[in-house]
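Multiple structures follow.
Look at the two complexes coming up: subunit A is in both, with subunit B in one and subunit C in the other.
Here is the complex of A and B:
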């Protein structure tokens, strides 16, 4: 598609745009992730969803965006600057027929991969009631982990999504992997 | 006692806790990264209330548009404080949980909190 042309060449930008349009990409962000970015992303997303979206789906999209962004920067604060420069985060919102698709990508330490994978597999194995029980259990007994979350983030994402969370880990080096999450939210 | 008055921002709620005027409410968006620090003054204020006030019928209103999971545990901590206020010094607490008419998640969140604490919980649609 791009034929060795740099993506910043004018023709390549047009191709890039056409691909984004084909996939109904509503928002694509690549770079540093922090709380002020979160506010900007929320207001852009709200504007894009405003016109013809019902309240529940809109709020679910926004809520999941918040959890995703805060999840990313929880991982990022422990990384060294050079890896942050080489591998920034991505956040994308797209619309695929009757579903919103939120995708995120960020660097994590390899030694976290197993733990995150287990959490995701656990969350994906539970139905609506199972997720509620787990949520209530952690609310009652869970301690706030050293990363600031009570492990509620992924559970909340799964509950609001109502679909299995897709994920992928790509090994970058002996120390790091790139972690992709894909979350779907039904339009109603 | 002192009035706690926090003006809302893009990611933190408006909070008014005023024992004299009997106004107790949290409203807006609660999306802080560090929810524990943000809510610490609220928890301290409620501890203070518990030890100094008596015979107050508290109507505590929560009207949130969004809250993140970091806030969800802190909201439970606040409600647990209200639970202990409720059974002491002749104070009583009625918690009013507001949700927008098409926001079933916020309604369910209210129901879940009502299962987690022993408080008079009223769910109110707006």
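Here is the complex of A and C:
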């Protein structure tokens, strides 16, 4: 991990790299984002999974990555440039023994926190069947929230992951919070 | 909102991500990429940094320097990782860019084969020994000699980086598994 010294030195690069290896990080991007960067990351992911993954897990990982990328971008486009410069987004893919781990981190407006948290808690409280019927219900009612999709993305992620979604919000200013998501996908 | 202290002490991916986020802020890092390098990633990373430099209103000359050094660094990584790919599974390269008040810094790290280390060390030592004029002369010499090593460019890339940065190259080699060392390179570009 990068420690808190203000001056970076060349040896710190390897320390950082070793930490990444320890966590089995396959891919990590941290910084400002745009659509072409996110697309490039998706295609790298696809290539990486290609050689050592069976079809079903690969598809689920890619689908969830796409949802995550869309999530990041959805919040991102409304931010002011200075907050984009100061607070980077994170997209990470790691492989533990039997699970893929996808993590995202990004800035969101404080007034969105409650809504997202409720959606996440709701999704996490449901089992497979419950998620399916919620998904169907929202599709049928055609309720689209102003941020798009009425949480369909999160429901979809939960269904494909088959595990509870971990999350964390931390307030960074009167206006913004930092929002972290961790999604696990069993390799099977 | 959960308690921040609880999160810091827990050994979970959540905690890992949070520390990453914090670490990046404290080091003034603006961009980190770890993974495979493709042409698309290269282009995207470059255009991203260009945009950021523009948005903070950086001087044109400095902007060009940072951009050129980034290109050289990314090409270096691509060159080394291409033939590592088969042998080292999941051992990807790393690339970071940071801004501080006084300087920009660009970091790269990638595994290299033991057999290439000596040559690279010699090149780096030679470059760091030279002043501005010396670097220029060396550059000219290599260009006119036209000697291109099998790793491409006879170190032209590194000479070019040193000339543009105007600072000594900082580097280290760390033992990895059997035939590989991890090569870290840190380049500072003053903002004045």
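Throughout what follows, the second predicted complex is superposed on the first by the 177 of 188 C-alpha atoms of A that agree within 3 Å, B and C clash if a C-alpha of one lies under 4 Å from a C-alpha of the other, contacts with A are read in each partner's own complex, and residues count from 1 in each chain.
Quick note on the criterion: a contact is a pair of C-beta atoms (placed from the backbone, for glycine too) under 8 Å apart; a residue touches a chain by one contact, two chains touch by 3 or more.
The structure displayed is predicted, hence computed values, not measured ones.
J.: For the overlay on subunit A, clash or fit between subunit B and subunit C?
T.: Once both complexes are aligned on subunit A, subunit B and subunit C fit side by side.
J.: Determine, under the contact definition given at the top, whether A:165 touches first (subunit B), second (subunit C), both, or neither.
T.: A:165 contacts neither subunit B nor subunit C.
J.: Scan A:83 for contacts with subunit B and subunit C and give back first, second, both or neither.
T.: Neither partner.
J.: Quick one: is A:156 in contact with subunit B, with subunit C, with both, or with neither? Answer first, second, both or neither.
T.: A:156 contacts subunit B only, not subunit C.
J.: Who does A:126 touch here: subunit B (first), subunit C (second), both, or neither?
T.: Once the two structures are laid over each other on A, A:126 reaches no partner at all.
J.: With the two structures laid over each other on chain A, which partner does A:63 touch: subunit B (first), subunit C (second), both, or neither?
T.: first
J.: Please work out whether A:17 is in contact with subunit B alone, subunit C alone, both, or neither, and reply first, second, both or neither.
T.: It touches subunit C, and subunit B stays clear.
J.: Any idea whether subunit B or subunit C touches more of subunit A?
T.: C
J.: Taking the superposition on A as described, I'd like to know which of subunit B and subunit C A:73 touches: first, second, both or neither.
T.: A:73 contacts subunit B only, not subunit C.
J.: Contacts for A:39 in the overlay, against subunit B (first) and subunit C (second): which applies, first, second, both or neither?
T.: A:39: touches subunit B and subunit C.
J.: Once both structures are overlaid on their shared chain, how near does any Cα of subunit B get to a Cα of subunit C? Whole angstrom is fine.
T.: Least C-alpha distance: 12 Å.
J.: Touching subunit B and also subunit C: which subunit A residues?
T.: 39, 43
J.: Taking the touch rule as given, give the residues of subunit A at its contact with subunit B in the complex, in rising order.
T.: Within the complex, subunit A touches subunit B at residues 35, 38-39, 42-43, 54-56, 59-60, 62-63, 66-67, 70, 73, 132, 135-136, 139-140, 142, 144, 148-150, 152-153, 155-156, 160.
J.: Going by the contact rule set out above, which residues of subunit A touch subunit C in the complex?
T.: Contact set of subunit A toward subunit C: 1-4, 6, 8-11, 13-14, 16-17, 20-21, 23-34, 36-37, 39-41, 43-44, 47-48, 81, 85, 87-88, 90, 92, 94-95, 101, 103, 105, 113, 166-171, 177-178, 180, 182.
J.: Report the residues of subunit C in contact with subunit A in the complex, numbered from low to high.
T.: So the residues of subunit C in touch with subunit A come to 1-2, 4, 7, 12-14, 16-21, 23-36, 38, 40-41, 43-45, 47-48, 51-52, 55-56, 90-92, 94, 96-98, 105, 107-109, 170-172, 174, 182, 184-186.
J.: Using the touch rule from the top, collect the residues of subunit B that touch subunit A in their complex.
T.: Touching subunit A from subunit B are residues 10-11, 31-34, 36, 65-66, 68-70, 72-73, 76, 100-106, 112, 115-116.
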